[in-house]
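Think of it as A, B, C and D in the order they're written, each chain with its own count starting at 1.
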Amino acid sequence: MTNRLLDVKGLETHFNTPEGIVHAVNGVSFTLDEGETLGIVGESGCGKSVTMLSCLRLVPMPPGKIVAGQANYKDRDLLAISEDEIRKVRGAHIGMIFQDPMTSLNPVMTIGKQLTEPLILHLGLTEKQARNRSIELLGIVGIPRASDRLKDYPHQYSGGMRQRVMIAMALACMPDILIADEPTTALDVTIQAQIVELVIQLREELGMSIVWITHDLGVVASIANRVAVMYAGFIIEEAPVKKLYAGPSHPYTVGLLNSLPQIQVQEKKRLYSINGMPPTLYKIPHACPFAPRCPWVIERCWSENPLLFPIGDSHKVACWVDIKTGRER
Amino acid sequence: MTEKTTNPTGDNRLLEEAQSDRKIGWFEQVLGPDNYRIVTGLFKTPASIIGFVLIIIFILVAIFAPVIAPPVGNDPMKIPRDGFSGEPQPPGSPWNSNVPEIPFWYKPLTGNDKWVHLLGTAQGQYDIFYGIVWGARTAFETGIVVVIATVLIGVILGSVAAYYGGWIDNLIMRITDIFMTLPYIMMALIFSSILTPILGRSLLPPIIAMITFGWMGYARVIRSDILSIKERDFVLAAKASGVKNGRILTKYILPNAIFPTLVLATLAIGDVVLSFAALSFLGIGTEIGYADWGQVLSFARNWITSLDRYWYIVVYPGLTLTLFVMGWNLVGDVMRDVLDPRMRGKI
Amino acid sequence: MANYIIRRLLLVPVLLIGVTLIIFGMLQLLGPVERSALYVTDFPKNEKQIEGVIKKYGLDDPFFVQYWRWLTGVKDPLTGEREGGILFGDFGYSRTASQDVIDIIKTRFPNTLDLALWTIFPMISVGIWLGVKAAVNQNKFIDQIARVYSIVGTSLPVFVFGLLLLMLLYANNQWFLPGKMSDWVSRLIYSGEFKQYTHLLSVDALLNLRFDIFWDAMRHMIMPIITLSYINWATFLRVTRSSMLETLRMDYVTTARSKGLEERDVINKHARPNAMLPVVTMMGSSIVGLLGGVVITETVFNYPGIGKAAADAASQLDAVTILGLAIFTGLILIISNLVVDVLYAFIDPRVRLS
Amino acid sequence: MSFNNGPLIRVEDLVMHFPITRGVFRRQVGAIRAVDGVSLEIEQGETLGLVGESGCGKTTLGRTILQLYEPTSGHVYFEDTDLTQLKPEPLRQKRKRLQMIFQDPYASLNPRMTVREIIGDPMLAFGMASGKEIDARVSELLDLVKLDQKYAGRYPHEFSGGQRQRIGVARALALNPSFIICDEPISALDVSIQAQVVNLLEDLQEELALTYLFIAHDLSMVRHISDRVAVMYLGVIVELSDRNDVYINPLHPYTQALLSSIPVADPEYYVDHQRIVLKGDVPSPANPPSGCRFRTRCPIAGDECAEVEPELREISPGHFVACIKVPGKEVDTQDT
């Protein structure tokens, strides 16, 4: 049994908007073990980013509000400890990288300054030590002539380089967990490949655990050990990566996988498409949120929201129907 | 980027169900989503509601001025005076000569059947109450005229600059820069003092001066809005479908670009009235005795050493002017929050 | 960045020509007699004299000929003396003040500058401080106070506020005084005993170590300073607040928090420097506004600065004087805008390093 | 239709440079060479896929073909008419036949117009129909793109992204075009919606005999929808071939790298997958490398690559590659 690093239970996050309360995350539970890479997949607005931001209490409050749940990092509940304590966790034990490397770096501060900040803060290094360490870090993430580039500002870096800087910054204090929030979405395919390769390589060298948030089922397949699929603020399926892709068991997962064009198939084939659209999140659904779009829908789906339950070895799904047989579970 | 508020879809069968949370009324349809958000935002905060109430009160006062303070003599805009003595009279002092007709509301409200100087008189026995009530008309008159004229000039120049670009754009924008370098109040003061001997003492010199030096903000805003709309894909789409240039301008670009300018312009009435009052306070504009708030306030300039005794010359017209401007500012402040962040600080 | 500064510098002559053209153009609306004060000090009395003056100075020549002459002046063929010519500092003769306009500027401008210095620095620092505080505590008590203040501050007209101050702080108890200085101070200055290093009374008083004079200067200046400050604080506060609110929503602020920085550092090191960029841009226009406000403030408090001179001349319809003052003000503003723009370029690395 | 033989669209050495001005007097000091000599043909009824990373000039190429930008040089023949030589009014008349679907469904619809006006305006511009006829035609088009007719009176913001994209498609179809440029029509949409739009485009092509230029950065989707695929890099086409050839037998090192970088939704694929990771970033189109533009990132580049600008050669029938390192029957076609 490996060490459990993160254990999130029943997380609920709301946003107060002028139009009403948006139920962004509706009771999400998952775990992350040492050395593991968990992929969280879902379409825009499904609550995947909010889930991880909530764990570090980085959701802007207001309008956001963490209503319920626990996020146990080792033996501490990140949602219950003091503001001071969680600050010591951020950056030092859990690092984070974001979607858009252009807007995620401070435009009026040099890269060097931004990079040394966590080193001085968490590791208590002197300016000089921090600077040397920064050069090292930039080297690790593959930025050439690192010592010259510390003086540069973010706008002087290219998109891919900026994301490397973000990674260097997140890893500066050798955290146990790296949360990557759609880190390759804003990048081109070849640059995306560079970043994914880099993270895989760093993971091997540094042995950290990763939570990789994305909408791209392909990227997840290449990097994750375990995948959680989110829909309308719920995790609707969770399984080891191979199991999930080989035997998706939630109709939504099935639909998503089938709507992708298959690279191996040569003849033109019509794509499968999921009808309809995700629900708005203004009220908590009392039915399965996917029911209106689901081809397997049965009576029970309209009256009761299925919660995640195990259907096999470490494979969990939130669906009343066994889609292989079409019968209620 | 924030996450999109609407969720993507492909199937119309579910449209209604998904939108049952929020019905879209005709008002929103007509205004478009952004503008609708701005307008409804205005009616949601208490600050802007207070602002609207203040503005409406002033509109009512201006409309019903003859009922509130029945006019004396031929020109209702001339403040009636009760004699010619220099010493101001405090509120409530009796009206001796030249007594106006007593309005119908006066007796039931006060139980008194003798008309008094409700808010006192200024030097020369000008009645302050009359000055304030009829001054509301002057305020709206100048405010509306100046705003309409400056917007027209600004929109024409700004859209010509944006539409033609090149050296025409450059020329117009440099002229705008030059006008913006000069302090507004000082230039309006100077220009109206030059115009006064030519046009005589009236509302005209300050109005013309304020128009001359007040259009630049609108030119800039409309220009940059047109430029940004011009780059939007729907304009390119119209071009690609062969829609003619004139129609692209009138149907695609202008309707999308002009709304912020119009809203900001409406709210500028407060500032215009403030500047106009400042000019008359400095002795520029209408002849002495014209019902106009700045003019009434300027009477106080001669009694600086004894303002503690003649406080009513400052307090009543000052409060009136402040409330008027505040009404527009309250609405404007909320507006700035609701409007696109881009717009902040542009005017 | 060199390019940026050069482009900005090249704009200066364009602005200068434009400003002088506007001002001279306004002057053309007046008759030649009025305009003769550009060149002559004694006002012509009879028809013949008038004609002579018009002819001598070409006051009915085409616009641009006159404009050129106004810029460069006229050489008197007999005496060889140059008359007029703003390029040589001759702004004409003020018939209402009975002295050269340039002398009005020389005596009055230091007084205005004295006032402006005591206004600008507190205005910028307090306005920004309050704005940041309000944004960080959005919708909390301090923010509400700041919002109310910024609305009231921008709604209460300068002259109303000034008159109220006079009513409260002067009329009743004479705590603070209108005007520039007490009689004994002016006598002291006149006697030459008091050395005028800078011609800014408050500064000179400190340099002479005469704290009694400094106190006297302050007693006269405090009301105009408060008046000028409160409205500008309000604008500064508002711009800073909204700029800060916007910055706090940026991704890099979340990044800074995710690094475990303390909230204080997130605000001071990451958010505030970025939020200051639009504030600096606004500084130029707020100096323009300040100089506009000076006209009214100085008039209300009878403070003998350049604004009061302009207001006096305007109320007596003395066009040549006010135009001279306007040219001078325009020049000051062009320079200060240039300074602000260059400052901006230094603060924003995206401009500095482009 | 009198026109019958030859390709529907023939692009000849098309160049689109955007000037860069600098300095005090805004002198032109260079150019963004967004499209730098592109030649291609699109047959009637086929779909040509155009792939490349952001900044490679694919969107510019599409817009320049439609003459939305005035090309720096080169020709675009549509049914043998050279569009680049047309005066504004004849060109406007041609626009009936050439249409475009845009990337961002939020920005490409006028927020102040109803769906009816948006779809009807192009018809109005050509006086093709009036009043009732337009209404009828709009209903017909809405039907075609599978939107309910009763939404004709609504404004764009009442629709979701996928629905808006359908409105955009309906607008493009309003004038009965024969050629449509789809400029990344699905990249702004969520995965589950992308398939809906792609299926719609395929159905329409079949129904209305349309010809598509399908621009995208998503190789797997391009391959799915296209008959032939062109790969673009820094303003030039580096490989052009049949849809399967590009994937099974990619010849240009860039295509190979691009292909190996595609994320595939199958963990088994990654078990023995060796990704070709390219070094560095795409160079600036203002200052492309000499010779072969790809050489700075190319794993097989040699010194000679800096000298010769490789031409697009036909290596096997219908398979063109611009790389001097690719062995092949160069003699076959080079001098013809």
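Everything that follows uses one rule, which is that contacts are C-beta pairs under 8 Å (C-beta built on N, C-alpha and C of every residue); 3 or more make two chains touch, one makes a residue touch a chain.
Only a predicted model underlies this, so the values are computations on that prediction, with no experimental measurement involved.
Central chain by Cα centroid: B, whose mean Cα position is closest to the mean of all protein Cα atoms.
The chain with its Cα centre farthest from the Cα centre of chain A is C.
One simple way to say how far apart two chains are is to compare their mean CA positions; for chain B and chain C this gives 25 Å.
Each chain gets a centre from the mean of its Cα atoms; for chain C and chain D, those two points are 57 Å apart. Averaged C-alpha coordinates give centres for chain A and chain D that are 32 Å from one another.
Residue numbers of chain D whose C-beta contacts span two or more other chains: 160, 162, 190, 193, 196.
Residue numbers of chain C whose C-beta contacts span two or more other chains: none are found.
Each of residues 4, 7-11, 13, 18 in chain B touches at least two other chains. Interface residues of chain C, counted against chain A in their complex, comprise 139, 249-252, 254-263, 269-270, 273-274, 277, 347-350, 353. Those residues of chain A that touch chain C in the complex are listed here as 53, 56, 58, 60, 62, 83, 87-92, 95-96, 98, 100, 103-109, 117-118, 121-122, 153, 155-156, 166, 169-170. Residues 43-44, 158-161, 188-194, 197, 215-222, 241-242, 245-246, 255-257, 259-263, 266, 268, 270-275, 277 of chain A are the ones that touch chain D when the two sit in their complex.
Here chain C touches chain B in the complex through residues 11, 14-15, 18-19, 22, 26-27, 29-30, 147, 150-152, 154-160, 163-164, 166-167, 170-172, 178, 238-239, 242-243, 246, 278, 281-282, 285, 288-289, 291-293, 295-296, 299-300, 302, 307, 310-311, 313-315, 317, 319, 322-323, 326, 329-330, 333-334, 337, going by the rule given at the top. Put simply, chain D touches chain B in their complex at residues 63, 66, 68, 92-93, 95-96, 98-100, 102-104, 107-113, 121-122, 125-126, 146-148, 151, 154-155, 157-163, 166, 168, 171-172, 174-175, 189-190, 193, 196-197.
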